[in-house]
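Two complexes follow with chain A in common, the first pairing it with chain B and the second with chain C.
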Partner chain A sequence: MLYFKFAKMHLKKMTQYRLSFFLSLLSQAIVSLAALASMYFLFDRFNVVEGWSFSQVAVSYAVVYFCFSFAECFFRGFDVFARLIKSGGLDAFFVRPRSIFYQTLCSNVEFSKIGRLVVSLAVLVYSCAIQPFAWGVDKIAVLIGMLVCGIVIFLALFMLGASFSIFTVEGIEVVNIFTDGGRDLCQYPLNIYPQALTKIFTYIIPFACFNYLPMMYLFDMPGVTIWGNALAPLYGMVIIIPAYLIFKWSLKKYNSTGT
Partner chain B sequence: MRAYGSIFKIRFINTLQYRTAAFAGVATQICFGLMYVFLFTAFYNQGNAPSDFTQLQMVSYLWLQQMFFAYFFPLDQNKNMIAQIEQGNICYELVRPMKLYNNWSVTLFAEKIAKTLLRFLPVLIFAILMPTGLGIELPASVGALMLSLFNLIVSGMLIVAMNMVCYCLLFKTMSSLGIFSIYATIASLLSGAMIPIPMMPAWAQTVLNFLPFRYTSDLTFRTYVGSIDITTALIQTLIQIAWLVFFVIVGKLLMKRCLKKVEVQGG
Partner chain C sequence: MIEIKNLTKTFKVAEKDKGFWGSVKGLFKRRYHEKRALDDVSFSIDEGEIVGYLGPNGAGKSTTIKIMCGILTPSSGDCKINGFTPWKDREKYVKDIGVVFGQRSQLWWDVPVIDSFHLLKDIYKLPKEEFETQLNLLVEKLDLKPLLHVPLRQLSLGQKMKCELAGSLLHKPKILFLDEPTIGLDAISKLKVREFVKTINKEMGITVILTTHDMNDIEALTNRIIIIGKGKLLYDGSFDQIKYKYSNIRTIEIEMEEDYGDIEIEGCEFVSKIDKKYTFKTADKHFKLTSFVEKLSKKYKMYDVNIDPINLEEVISKLYEELGI
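Then we have the complex of A and B:
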């Protein structure tokens, strides 16, 4: 597949500067470890938050970070879409016989994010292993659903950000409120926040669908249902449809920057 | 001296141009501020809050963090300066009749202040308008306010002095990728930017007292909210100044050594 050829090319490009690549990997790993450390400090003092223990929130942290860094690594082209517009690289995409979505996907793979991915995967495996309950087939399926849904949601957000930057040209920091902010916010179970915030992150940006709601099912919290909790990741993935349509529509409105 | 004044003015005005970026910054800071206020309040509601850091103090601390986010950012990556080191254009700087160390520190400091001036006021107004428990409180006392303003200024210089050491190391490694962001991450954790230091375990607080990082934002904010009394704050201000002197000396020595080794190739 063409994507893998491009991925290989990007990997080769990055590993030309070996020390630099290694340090970027390390820095990404340290970023995730620092976030984990601050979470550990909080629980060291407070032990529990609204009925959630450290080991449970660690699962949440790992899921969110895994999905975010996966999306940042492999869908980086959408994340830095503004650069394509500014440099005029996007203009070339229009004349090639592949969809713009696919070409953007291939345009950038940020392998240094693997550092973050590895740390979050390790935390995920460890925190899942120390849970007191047995992992049945249903729970494993829900966990996989959470991961897939999270990746899809972050892709959708990156695509929305990309569509936005077609109109603003300049990359927009405001999108980070939703991606980075959502990531930091949703490492913690949403029921610790005020109702309004929980609603926004359930119905408008469906972060709750890939961690809070299905996680209640994993931990057998009171009042969980199959339809409302275990299957939540399926509802969350729907966001990709409007995101794709908006992306398509904004491309029609694209005016080249003329470079 | 007048030359440095001019550099300050040029960089200052130059940074003020980026008003859209500042607007986006303000929106981001307000959203993140609210988010952290909600998050840490949830933890405080569990009980077992630290006795020297009340909930109101904690919320004020978080808003101060957001107001001065650009000011206390642990490592300002000046693209121009990095490129000069990496690509060798530094030779032009070396023929100028002024000290490179002073030139660059003034540049970094001016950009820091300009970025902050564009951002802090809207965030402050928002934080004042928020109801009690979600917004910023008045300073602990007039003395605390005065001292924290002094701490604020020294902190900026301290961060710049620490950054200068990082830039000197860049002469050796020649690539800012990775190293700078590793430093920035570790420095933000150790200076209390990720969670306020008074909320950390006792052992961590003891360790951090011996490191320079908390004598920037943490000292300034805690003096303001009154989490440490004036006497302690004064003693820690002396430590802060000592760290500043230390880093300026180290930076200047390092810079001297690095510049001796710079070889300019023709072309």
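Then we have the complex of A and C:
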């Protein structure tokens, strides 16, 4: 598949600058561990936050971080779309017989983000293992659904950001409020935040669909339902449809730059 | 093969107010005005032609090329190439075209050229054998062998252009768009690029549309030129005709023995004087150098006389001037 051939090329490219590659790998890992540590010290003081224990929040953290780093690593092309427009690289995509979506996907694989990915995966495995309940097929399925949904949502956000940058040419920070901001916010279960914020991150940008809601199912919290909680990741993934349509529409409005 | 009718493209340009508060205001409220990059442009190009697409900077050359390549959607008008409308049937259409932008690379910067070529093979889904034959052919014609395993960023501009050309032809396109292919190249590289373009046009029957500011490109490659200015089509016809039209413009340089100040003389326009070197210009078809020299020698003492026909750059700038662009 073309994507893997491109991935191989990007890897080759990065190994040319080996030291820089390893350093950024390391720094990514340290940053994500630091976030986890700050969380640990918080719980060390207060033990439980709004009914959530440290091991539960660790799952939340790991899911969000895993999904975010996965998207950042493998869908990086959308994240840095503004650069593509400025450099004129996007023009080249148009003259090749593949969809712009697919070519953007192939255009960038950021292997240095794997540091974060590995750390979050390790935290995920560990925090799942220390849960007091047994992992049945249903819960494993929900967990996988959460991961897939999270990755899809971050991809959708990157695509929306890319669509914006077609009009502004400059990448805009507004999108980062939702990607980076959403990521940091959703490390904690959403019920610790004010109502309005919870609503935004449930109905507009469905972050709740891949951590807060299904997690309540995982941890057998009172009042959970299959439809409302276990299946929430399926609803969340729907965001990819408008994101894709907006992306396609904005490409029609693309005005290229310079000569 | 290429049929363009009444193509118009307008861009919305944001108006910016001056100063700090102007730009702050611009964040919230923006006024736009429309800029017509292309205004009712029509022309057609037959299979196997080489066409020079000319015009000063900002005339709308790149906009036209970008529309023809499927990058931009025009505001109105029609464009049929190979039976496709580029911006509508983009993915099917671009299989048959090759595009080279002189100002930016389409190959991958950090990897050896051959890796880029292999990626292109996969992007275009070329059968292995077909790809190998075409690659070998291009490598031979462009003398690429020593460059294939070097990362693109380490190549010189001329070498890069050769690789770009090869990359744009791997999938055997029927039409090749060249947007300023000789920009910044040294004389030898320019010659090589021209020679190569001529060859592929002759041997492979590829239709070529090129934009350039170097009139020698045109002189070497084609007789058909299309001139565009301020978005409007101004000329579509033979280059020879234009050259002929201005061929009577000549420059005469005369070195005098003494400095005579400004010289006014009938039948020839005094242009400039540097020290004892005088320059005259004439557009008179019946101008005779001998009688002019004779006239001058009656009054002045001359060392040396030199007459130059107009050069190509002057022809085109003269033409632009006349067309009002």
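Quick note on the criterion: the second predicted complex is superposed on the first by the 258 of 259 C-alpha atoms of A that agree within 3 Å, B and C clash if a C-alpha of one lies under 4 Å from a C-alpha of the other, contacts with A are read in each partner's own complex, and residues count from 1 in each chain.
Operating definition for what follows: a contact is a pair of C-beta atoms (placed from the backbone, for glycine too) under 8 Å apart; a residue touches a chain by one contact, two chains touch by 3 or more.
Here the structure is a predicted model, which means the values were calculated and not measured.
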Which superposed partner A:K12 touches (first chain B, second chain C, both, neither): second
Superposed model, chain A: greater residue contact from chain B or chain C: B
Which of chain B and chain C A:W227 touches, first, second, both or neither: neither
First (chain B), second (chain C), both or neither touched by A:F46: first
Contacts of A:Y254 with chain B and chain C, given as first, second, both or neither: second
Contacts of A:F133 with chain B and chain C, given as first, second, both or neither: neither
On chain A, positions contacted by chain B and by chain C: none
Residue numbers on chain A that touch chain B, as the complex places them: 17, 19-20, 22-27, 30-31, 34-35, 37-38, 41-42, 44-50, 170, 172-174, 176-177, 181, 184-185, 188, 192-194, 197
List of chain C residues in touch with chain A within their complex: 11, 57, 62, 66, 69-73, 90-92, 94-95, 97, 99, 101, 103-104, 106, 108, 110-111, 115, 118-119, 122-125, 151, 179-180
Chain A partner contacts - residues on chain B that touch it in the complex: 20-21, 24-25, 27-28, 31-32, 35, 38-39, 42-43, 46-48, 50, 175, 177-179, 181-182, 185-186, 188-189, 194-195, 199-201, 204
Contacting residues of chain A [partner chain C, same complex]: 2, 5-6, 9, 12-13, 16, 87-89, 91-92, 94-99, 103, 252, 254-256, 258-259
